[in-house]
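Heads up, there are several structures right after this.
Across the two complexes that follow, chain A remains constant while its partner is chain B and subsequently chain C.
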Partner chain A sequence: MSATRKLDIPKIRQRDEAAKKPYFRSQDDATSQLIDDWQTVAVQKLGEEIRSNRALRVFLDSCVKCGACTDKCHYFLGDGDPLNMPVARQDLIRGVYRRYHTLAGRLFPKLVGAREFTEPLLQDWSAYYYQCSECRRCAVFCPFGIDTAEITMAGRSILDAVGVKQNYIHTVLDNVERVGNNLGMIGPAIADTLAGLEEDVFDETGVNVRFPLDDAGADVLLLVPSADFFAEPHVDGLIGCAKIFHQQGIRWTLSTTASEAANFALFVGDEEKMQTIADRVSAAVRELGVKQVVVGECGHAWRVASSYWPGLIGDGTSTDAGGFDTRHICEFTHELFRKGALRLDQTVHSDKVITFHDSCNVARGSRMGKQPRDIYRMPRELLRAACENFVDMAPDTICEYTFCCGGGGGLLTDELMDVRVSGASPRVNALEAVIANHGVTHMAAICAICKSQFRSVLPHYGLGMDMIVSLHQIVGDAVVLNRQM
Partner chain B sequence: MSILLATLLYLAATVFAAGILWKVFSYARLPSRNLLPIAPAPQTWGGIMLRMANEAIFFASLFRANKWTWLFGWVFHYALAVVLLRHLFFVTDSIQPWVLMLFPAGDIAAWLMIVSLAGLLGRRVFVDRVRYISTPSDYLLLLLIVLLGGTGLALRYVVPVDIMATRQFMLGVLNLSPVELPKSTLLYVHLASAIVLAVIFPFSKLIHFPGNFFSPSHNQKYSAGK
Partner chain C sequence: MVIEFKGRVYQTDAEGFLVNPDEWSEELAEKMAADDDCELGADHWVAINILRDYYAQYAIAPPIRILIRHMGKQLGREKANSPYLYELFPFGPAKQACRYAGLPKPTGCI
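The block that comes next holds the complex of A and B.
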């Protein structure tokens, strides 16, 4: 019996007349407003991008069209649309880059695939740069590491510049700017929710597990995605974290102003907004006087924290850092586990067989611990510690080869449901194999987007939405609470 | 004809060298603000060296991606390297013994080059995904290198040319005093295709070398973990 099931590579199909697109809006209202001189602005903006970003320039120049990436994208595997092949997605920009910014493209456009930036091409951009979840799986297989995520980010920033702003991402960005978190939860609402959680946990366990908010003088600031305050199964992960802090007697806190781990500005390549959102965290660190920021279960938040914070606000690893130490919640919990301090009771999960979905931004865009592969080892060791029945999915679908859930990178919006469902198929395919072969009952994840996405799409495949769980829900449920504080 | 080819060789060498230097400098000058390594990424410079060497020498990522493309691509690059080394015969003042020893290997390499190019071309034509992403220049570059290798093989096996005289011509070019090149249409075509290839190198996808060394996916490291 094997856990692997061959995933068929689809034959490329005729393109749809109208490819699936998200909703767009302008700054002020809910309609997309393409500016009049969009072509000039777009070409100019592309010029700025290639002069300010080495990665983009190298990636646009270096592709040899070898085809290594063509069968690696989950959206292509899901729907066979040729423009969902990573290189074809890149070529939407590469053609324009060649036409307006390279000698070969100006002299021999037809020969080298250079293209006029026409409105139909812009329409393709607006569709296919929003059928990419910036998961970077293609980059793992590219001989030059060409990262389609960088190209998609550039494409989206140019779309933004000409007035084609994706509604979902920009609504979220407005919320975080206005209130401090993606979901627009104001301080009192967060306080209410946390009080409710304390009651729930007390009712369930008889232990007074606290969920402190804005506790100046706490040692640890837990930075969670705002979905963790109420969405299922996210909130169970937050409860799990609280139980661990409680068991370990660690003084921790959440923050009203830094009530969001996510940084959606990454998805549209807006470095200014990335800075603004990151600044909220360093401000909260100063205000609360915490020594450590622990980033909760949010995939791209950890990519931002481990890869962008060093440049934005410091991450405690360099000397000019803001003086606080940054950990992923899995690193944090794993250290407790490694020291033997974490007391877990596996029997609560004896009816479960668990597998782990590596979230793309963690698995391909971050680090944990001292060894490169600790990002894969730590979450698995935690799950094994909490549940004796753990099974991995097929090797070519986990760790650095993990498939995106299908809803990442700003695609977690209802109007893209068809894209999200078909994009989830490679992951679901691997999940179905371990269900059939090993009786897997639950799939744990460490990303709010993954969790929301799977809750929505698993039922489309005849699987229960409750299969998807938070890693710290599994660990938290096994935490032995025998100490009153 | 000798003067024309010599002139073009000078021109091509200039464009080739200046073009690549210009590209390398422009890449080096561009800002690279963000950490973009593809995980699992090393946390030490030694680890980065290993990773880059593994990519440059063994084409590690391509091997994971597609065994056929890797096979044809890897064989092509190494065969090309052997063939190029053998061509040192034509451009060094004293003939190095190890270059002469490379001659038998060079013969095999030349054939392997053609076969692997055919493989790459075949993938481009017959695999629907690769066909979809191919532009005319992708085919033409392959055909140009086939022409270069093919004329080279023909010069060796079909219509041999006086290689000592050819060597004198190349040395003359290098010493800025070109002499007469043996009359051979095949040789003219061989040299012309080399000239075209050198001229388009910096302006085409062939710039993946040295571009690959500038890829942040592979050349960046994470700060050491705690």
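The block that comes next holds the complex of A and C.
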């Protein structure tokens, strides 16, 4: 294997009798909670979607079936299922759109690929819109820039409207609504966890690194995915952030009410809920009086913050008129690095060779810094600053061409494990190549979903679950701590 | 899904977690473990009781780090580590220990 070897394109296989589906709300079968007049409601909802989202209509109209996307989806590359080709996934909606919302489709359905919206077709929607992680890799290769993620989001919002609600995403959304974060961790539980982290870091380093919660008057609000309070290696990334703030003498805080960076409403295209979840952040900014919001290692949180917050809770680029400055944690740390303020000791990582997995929502859904490719450059420069041995994976699998981890977009649920394992195979192939050729020992990521996904699936490929690390864990472990503080 | 045990029917979700945590009993935990060919020893029970106490206080399962810390306090340092936890519960603390303890499965980006 060489680091630049071509990706293997699988043979198209026969479709399964029953495609793998997630659990839907308290039912085993996708259609069992289907509302009676589902077809009418679905067609009407699709009409609303194409009227409110002009891009969606353009995407549905403009495909010329050129085939450029067919071998670009990690789920197709993983399992060879023809409906996992992005064009086929789009056509599940496109046929219905033509049949009910175009003149040609109403008059001459057979000539234009229009399809009746039947129950078997709805079954395919409920399977294949949940075998798409909305990662947008296919859109990079489409000559028209058709974004399957937008189509999947529309598909899911229509499924929601007819009563086919995916259990995992809606459990998480309920937790956010009820408690304020994806896990459903109440304030005292967060406080207890942070106190434990302070003890752990003190035991390990002898330095009193603080993890402040609801500290009104702090300069920086760190907004992390709640997994950073809970899971490994996420929590090590949070520890790394705390060490950096400590070294720099920055007054920072976490918030019990804005204790979640993630916004799963994006995954199901629910704009109302997206607004509610984002509102928590602006409320916390006002209450705590912070000047800056730093978004931690959560892929789609950064997509929402950099691409949607300006519309949802104001332009995050200015600090006047009650606005606040918004940064990704990598931008924040990189600025310290660039100024020469960050003191790192590379020797702690001399036994490691690190590679970087660009998280899809960051790499293709947002930006960092002022220059076009800063979003790829900054995380890599930070890793190189902390560890002298850094190697990139094959060029067609990183940066804008990065492969999704296989668990994004609301697929990080155990019943989809087969889909997640096969969907991870393009990334794992690229990882195996740099392990074989360069002795890579760890892969860093900046997304909670990526980290949990790789921890679950790497063992299926005979790789250790500890290979996956947080970027700020690597940087944080190299931080030289000031003992006097 | 349901568990039928001693003439009673217990509702569970699709992954076997009790729908109503109040229905939990030690006997039921042993029955769930027995169905997985797992016999609950003293250390299993230490973990299960930590989970239940934490849940009673915080309405969520503890982070693994905290579970391990509490296990260390009760069982000694040599058992305060993740490999030992996985030795007790090979399917993982969330999927297996929480289920036996009658807690809902922690869900999020984890």
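Criterion: the second predicted complex is superposed on the first by the 469 of 485 C-alpha atoms of A that agree within 3 Å, B and C clash if a C-alpha of one lies under 4 Å from a C-alpha of the other, contacts with A are read in each partner's own complex, and residues count from 1 in each chain.
Rule of thumb we're sticking to: contacts are C-beta pairs under 8 Å (C-beta built on N, C-alpha and C of every residue); 3 or more make two chains touch, one makes a residue touch a chain.
Please read these numbers as outputs of a predicted model, since none were measured by experiment.
Chemist: Once the shared chain is lined up, is A:102 touching chain B (first), chain C (second), both, or neither of them?
Modeler: In the superposition, A:102 contacts chain B only.
Chemist: Is chain A touched at more residues by chain B or by chain C?
Modeler: Of the two chains, more chain A residues are contacted by B.
Chemist: After superposition on the shared chain, which partner residues are touched by A:226: those of chain B (first), chain C (second), both, or neither?
Modeler: A:226: touches chain C, not chain B.
Chemist: Kindly classify A:213 by the partners it touches after superposition: chain B alone (first), chain C alone (second), both, or neither?
Modeler: neither
Chemist: Of the two partner chains, chain B (first) and chain C (second), which one does A:145 touch, if any: first, second, both, or neither?
Modeler: Touch status of A:145: first partner only.
Chemist: Taking the superposition on A as described, I'd like to know which of chain B and chain C A:189 touches: first, second, both or neither.
Modeler: In the superposition, A:189 contacts chain C only.
Chemist: Should A:310 be classified as contacting the first partner (chain B), the second (chain C), both, or neither?
Modeler: In the superposed model, A:310 contacts chain B only, not chain C.
Chemist: May I ask you to decide whether A:250 touches chain B, chain C, both, or neither, giving the answer as first, second, both or neither?
Modeler: Once the two structures are laid over each other on A, A:250 reaches no partner at all.
Chemist: Is there a shared patch on chain A that both chain B and chain C touch, and which residues make it up?
Modeler: none
Chemist: Taking the touch rule as given, give the residues of chain C at its contact with chain A in the complex, in rising order.
Modeler: 13-15, 57-60, 63-66, 69, 82, 95, 106-110
Chemist: Would you mind writing out the residues of chain B in touch with chain A in their complex?
Modeler: 23, 26-27, 30-43, 47, 55, 59, 61-62, 64-66, 69, 73, 123-124, 127-130, 132-138, 140, 200, 203-205, 207-208, 211-212, 214-218, 222-226
Chemist: Which residues of chain A touch chain C once you look at their complex with the stated criterion?
Modeler: So the residues of chain A in touch with chain C come to 23, 26, 28, 168, 171-172, 175, 181-186, 188-189, 192-193, 196-197, 200, 225-227, 229-232, 234-235, 262, 298, 412-415, 448-449, 452.
Chemist: Along chain A, where are the residues that touch chain B in the complex?
Modeler: 9, 11-12, 51-55, 57-59, 61-72, 82, 85, 87-88, 91, 102-104, 108, 110-113, 136, 139-147, 150, 271, 306-308, 310-311, 315, 317-318, 325, 327, 363-376, 399-400
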